[in-house]
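Next come the structures, one after another.
Two complexes are shown next, each including subunit A; its partner changes from subunit B in the first to subunit C in the second.
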Partner chain A sequence: MAETATAAEYFGVLMPQILLLIFALLCPALDLWLKMRRGIAYWVIIGLTIVGVMEILALIPETQNLVPFLFWEQPPETSIFAVNAFSMVFTVVFVFVGALVAFVSPDYIKRERNHGEYYALLLIAVTGMSFVATAGDLIVIFLGLEIAGISSYALTGFQKSVKRSTEAAMKYFIVGGFSSAISLFGMSLLYGAGGTTNLTELGAMGAEYGPIVLLGIAMLIIGLGFKIAAVPFHMWAPDVYEGAPTSITALLAAASKKMGIAALFKIFIVALLAYKAQWDLAIGIIAILTMTVGNLVAIQQNSVKRMLAYSSIAQAGYILIALPVWAVYDPSSPELVRISEYAVAGGILHVITHAAMKSGAFFVILALTVRGFGENLKDFDGLSKRAPFLALAMAIFVLSLAGIPPLAGFYSKFVLFSAAIFGSSEPGGASWLVWLAIAGILNSALSLFYYARIIKSMYIHNPQSQDRIKVPPLIQAAIVIAMIVTVFIGLYPEPFLEGALEAARALNGLLPIG
Partner chain B sequence: MIPMIDWLIFSSLLMAVGAYGVLTARNGILVLMSIEVMLNAANVSLVTFSAYSTELHGYPDAMGQIFALASMTVAAAEVAIGLAIFLVLYKRHDSIDVTKINILRW
Partner chain C sequence: MMIDYAWLIPVFPIIGFLIISLVPKKWLIWEGGAPYIIGMSTASFVLSILVIIDVLNGHTLTGPDSPRMTWLSAGSFELTFGIWIDQLTAVMLLVVSLVGTLVVIYSVGYMHGEGETKRRYYAEIALFIGVMFGLVLADNFVEMFIFWELVGLCSYLLIGFWKHKPSAASAAKRAFIVTRVGDIMLLSGLIILLRYVGTLDFSELFAEGSLEGSGMSSGMATLSMILLFGGAIGKSAQFPLHEWLPDAMEGPTTVSALIHAATMVKAGVYLVARSYPMLVQTPDALAFIAIIGGITALIAATNALVAVDIKRVLAYSTISQLGYMMLALGAGGLIITGLMHDGGHDGLGAGYSSGIFHMMNHAFFKALLFLAAGSVIHAVGTNDMLKMGGLGKTMKITSITMLIGSLSIAGIPPFSGFWSKDEVLASTFHAFEDAGSYSTVFLILWIMGVATAFMTAFYMFRMWFMTFTGKQRSDAHAHESPVSMTVPLMILASLAAVSGFAFFIGRGFFSFMSDSISSTIGSSVAVEAIHPLESLGEIFTSPLTYASLIVSAVGLFTAYSIYYKGAFSVSRLASGVTGKLQKLLAERYYISWFYDAFAYNIIYGISLVADIFDRYVIDGAINGMAWLSSKSGAFIRRSQTGQVQNYVAAIVIGGCLLLLFLIVFEWGEW
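This part shows the complex of A and B:
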């Protein structure tokens, strides 16, 4: 039995979350006493940047000794936290999206009241998400999901005077509560079979608890499937994404969904290791259904916001490919272990690239909304003449979402699909995995159809008027940052793939040995 | 002592009742109550597995009860935010009938 961690060690490894909470709790005070409006956004950006820099320093081997307190020496069997490269990469993604949302918010919500609460809830949501990524225990995963969930219900309904926003909050609340209750029941069944809530110890549980764990797996697929909006549990997502304030839509699509993915990776890969032959086919089928339905329905949409909502359902389908391919994992064959790591790395890389390109695309819509435009496709007509920068940014984001070569989305999809092909051709792998790659490639072609509609409308159609559209500088900054990340990952993917592989190895490191 | 399976059947029935309520209730408050019933069904099952862990695994384990306490706290927060959302909803839409509120649809 290892020694238990000291209080100082807990404070050290939880420093990012503690800092985020301190910054969050001071937001309402800044609003109430100092009457700050724009200032709170800068405050939030400072807090998120500190945490993000801390985690990035910890990820780069040369600078790790600058943040020694973040390293966690506890063995995973005795610890409720698993602070490693996996948690760091995911925290960086959540913090990055949170900071971009803070950039665009002051201009977007300037007519609303309660700015302090808005930013505080934003930071608390990011804290909850990073807790899910850091969890080594079912209790921490559940609490993290709920912290993030409850704050995002409130954020979705932030525009109290807008009917759409309150309706979206109601739908999100009902679906969120329903899915949490179902996942909690699934977790309780895993706890009953394994006799522990620690993920690593659950992974060591034998395969003799068939029916009860199978019921638990079904419940967890339903519960977490609602969280990541996988088909057939996706009906809520387009409504909520369309009704929510656009800044929060970006948070939901780019960060909240990734939190569900992190929970799915942790529970299915680590805790349900012995049952991987039972869940791999089910998740593979859900992945194919998710990308196909998402893309098919997106084609018929006329509202760009709703189209992007369906496209983000489809993107979750691509990320789900990582799980069944990971299931070829077999500790006795180094080649299969490498493929499983490569698959999860592909999933994580797609989480990173999707966070940048999807939030960027929503920010372009937000920039137009701030100037009094609608969200329909015809509002994008001739955008290249009225706002060349916005049109160029939108074109880059949607081309990257479709997976066109020099951009980020191509590279992460390439890693995911090639992992599926490796997994099917390697002896000891599963030959049906190749269908995941085929479905993914066909779907990428299908998705190009509706992405091209947006580009056609921006570059070929005639504008309704010739007035130039001026974009507020902070929103412009957020779009530029998302654009730089999208292009940069496409041109220099190696460091990001290396980081994702490191995270995948850290996740495999949580598995029980023997 | 009551056999463990009885508790598990009770918790599954509670879960089914709650899920039925969420899917069929029209009144928002009823939906909220059904979600609470579902969360409590999961709590019953957690506490059951914890209480019978000596018979199941050979060692006493309190994690399930801690989990149930944590989830009760979460449930309380969820009710608070849910009631607030339905209050705003009633002000804007003059109704909390969840089937009548559907501006957002394709």
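This part shows the complex of A and C:
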């Protein structure tokens, strides 16, 4: 079988990533030769839209045959890529966030130089992320993580003249390099135990390599925990999120973190299938710690940007609930299989909704920065009178983050928490899972405290001046798109949940049979 | 077929609502965006008519095949949004779309002087119409309940439209809170159904024997149906929750017209009619409905006798007529129940059909009466009938159209009210003959119904004569209203005059409605349609018809001699026993007073205790939690030093703890 796999077949399934790279490599050319500024952003948006549309077409059964190359047969046993609903859903999220970032960038970075590099790095980061989502092999996951990681280090330090930005990039780079090394070590331990780097084949390995795999699990949790900013590997995140250009903060929070989630899902669910009884409790505890610490410290913040950074940490904690609940998976019980899929679907749905609401919230801050405002809570005072649209958008984003119906964040949290409850009450499930739901619900209540402070500032406090704040149209467009997605998923979540379930089934489909 | 696009009917007005509330001010063109709403409601009206034509041709969308989409799902639980269209829906669509559209057109004239707030008015009206469409098109109780609550919300917003007036604000609150009592009963009834039957989809709940088949005891089934009807008691202002409706007059008159004729209060009647396939399984609940209906009809009519506010007279008359509808629905259902056990009978659907028929006719004449009253108020600037009088000369169109409305509601042939009211009373009388153990109750209810008919004729003409004849009692320079107001009046007047003829035109309204019951109640009861001409003959040969006709005529004549001829001075009644009676009526049997006393003393007492508990125990706990959270947050925050060495150290320490945890707790697995 392996001999029959031609290069063309690999190229076909990798068309989205290849396209992204082509668009990325031409960005510096547009900058240097054609002296484009704003035009590069449009170019990036076009590229990302093409890829996004391609993946969305592939996700809808009726339109799948419009993009046949994504479904070209691959020899299963040698495959290092797994193109399926899971990779498509995640790629859509990355591309969506990347496109929104491209929308807001031209007005935000117009005083900086080297636009071509900025956009090229942005596209390369998105490509790396989508490689992680598409990976069927540890090596590909690691390469994807590094491609995205190194591009993000550079993007974080893009504002070379701003001390905060370079400091953040330095911290991000040091902690990132450290964590990458650890996760690579963890992967090599898995290779040592299983004799392969293929996820599905690793999943078939038995439970007999206890100690060595246990060390591997710990190292992978550290390495990937860094990517998703799980407690206690989160400390870099607030500094980096605060220091990075806000457009890049949105990319880190809404896309880069989701790449970590994708890698975590793939490695723990598929490759560590036999060890799920060993990692479920550890990840459950980390989930609770992450949401609690994130929310508690967020309450203390006066900088809205930093507050949202901590809120991102907390949100990753909610998503982590999906993993221990998935661990109730038992192929002999259709009901448990269904719950495991539902849990992962909840995680994926939260990835989708969080991408929209968190990037939207950062864009509101960015819009204010562009108009010369600070990022502190008092800069939001009376915003409803000066910029009613921005205030409304921010209110929608933070209410959605808090999980207030009928907004998107409510529904994805609802699926996650209800999955935990289903998992605890189903015979054969694990009764402690209910604590994940309880912790999640209590944390949601806790988080409302600081989200409400933002709304209170905007709607109750008096503005420092009465002048209207005008938002550049492109930034406004990005905020409107994020807002529409946030409201629409909340009002009509069914197709999104259906897509997330499809992705979860695709992930379960990678499991070794028997 | 157009019926497949019926889902667009509620979408149009809701789009109108979104446009008006979201677009910049300069796009609103004219009169606060009225043209958008007129366009959208007209689109809904046209589409409704097309759908109704489909229904007349025998196409319906019912049962499990009706189109639906999954709105959200959680595990095995699913909420769907679907469309359910049968004959009953068709009648509701006609009423809501026609009256809604005319009210919006009329508003252009009526609300002309409102300035900036017009935008809010049109947005809310559009939403009100849209959600009412949603309510009548719903194919399960969850969907219906969502729209039911939205209808309640819109009525709250519109009753309190003049929010700067304390009376309007409190009337809005009252409408919201009182109907909420009914809504909670409805919700409890639905929860019982969900618990036993396991679904709230019409297609399963309306299957034959659905309640008994689910293992519900008959007492539980009756309870669930009475609770369901509790929703209608609140929404349709039935005794004892009827007091909110007269107060709801504080809103603009157009809103009253909409609430009374097409939207809010009709929702309760629709709920009862819609639940018929379940109700016929619980005869006791049906008797309860009929009794509440009869009591409401009589009580509200007596209140209307002494009211001097023109809108209050109409409000009480609405409550009274709604009572008639409930009476007919209850009586008709009971007849069906009896016959389900004893075998076939013709004219089975008469009670049901007459209730719906009366609802449709009432929609037209009540919308007419309210809009005409609005025209009068617009002209003289007061609601007080004592300050009106002699307006017939200056307001010809208003006075004539209002006369038609009054004749119609009084039940004078050939106007529409006559046909349906006669049938309502006739089916009550049939229930007396057929209803077995309840027959005495229905004899009493029939007598109450006839008495109500007398009072209706009296108070309506009292109102008409006081307003349009005699000497002018105020110095306002009354003038006829603008065209945008008189045209809807004339359209509604012609409908109020002729809509009763639906009784015998074509197949006849009753045989049309019978299709709706026979398709939902199941095949074991064959609802045979009588030929319309045959029933026409029956009406004019039955002594019952003449009885109700005579009492109406007497009522009209009494009003004529007192308020036109002045043959008898009302002031003579102001003392003694009649004076006390008058006071009792004017104070609305002290029901409001009782509610207030109840609310102020008992509820307030309970609230006080709850408040203390809330303040010291709950708030204390919350504040403690907040303090703890904030302190622990501050503590954790201090570990965030900004030093990258510390961050890496944290990762190492955290990683070691993690490894330790894995070794201690998971090692034993091997």
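Quick note on the criterion: the second predicted complex is superposed on the first by the 506 of 514 C-alpha atoms of A that agree within 3 Å, B and C clash if a C-alpha of one lies under 4 Å from a C-alpha of the other, contacts with A are read in each partner's own complex, and residues count from 1 in each chain.
Everything below uses one rule, namely that contacts are C-beta pairs under 8 Å (C-beta built on N, C-alpha and C of every residue); 3 or more make two chains touch, one makes a residue touch a chain.
Since the model is a prediction, treat every value here as computed from it, not as a measurement.
In the superposed pair of complexes, A:I60 makes contact with neither subunit B nor subunit C. Contacts of A:L25 after superposition on the shared chain: neither subunit B nor subunit C is touched.
In the superposition on chain A, contact of A:S418 is made with subunit C only, not with subunit B. In the superposition on chain A, contact is made by A:M170 with both subunit B and subunit C. Legend: residue contacts after superposition of the two complexes on their common chain; A:P238 is shown touching both subunit B and subunit C. Look at A:I182: by the touch rule set out above, it reaches both subunit B and subunit C.
In the superposed model, A:I46 lies in contact with neither subunit B nor subunit C. Of the two partner chains, subunit C is the only one that A:A282 touches; subunit B does not reach it. Comparing the two interfaces of subunit A, the one with subunit B and the one with subunit C have residues 170-171, 174, 178, 182, 238-239, 297, 300 in common. For subunit C in complex with subunit A, the residues that touch the partner chain are 69-75, 626, 629-630, 632-634, 636-637, 639-640, 642, 644, 646-648, 650-651, 653-655, 657-659, 661-663, 665-667, 669-670. Against subunit B, the residues of subunit A that register as touching in their complex are 138-139, 142-143, 146, 150, 153-154, 157, 160-161, 163-164, 166-171, 173-174, 177-178, 180-182, 184-185, 187-189, 191-192, 195-197, 238-239, 242-243, 297, 300-301, 306.
Here subunit B touches subunit A in the complex through residues 11, 15, 18-19, 22, 28, 31-32, 35, 38-39, 41-43, 45-46, 48-50, 53, 56-57, 59, 61, 63-64, 66-67, 70-71, 74, 77-78, 81-82, 84-86, 88-89, 91-93, 98, 101-106, going by the rule given at the top. The part of subunit A that touches subunit C in the complex is made up of residues 170-171, 174-175, 178-179, 182, 207-208, 210-211, 214-215, 217-219, 221-222, 226, 231-233, 235-236, 238-239, 277-279, 281-282, 285-286, 293, 295-300, 338-339, 342, 411, 414-415, 418, 422, 446, 449, 492-494, 497.
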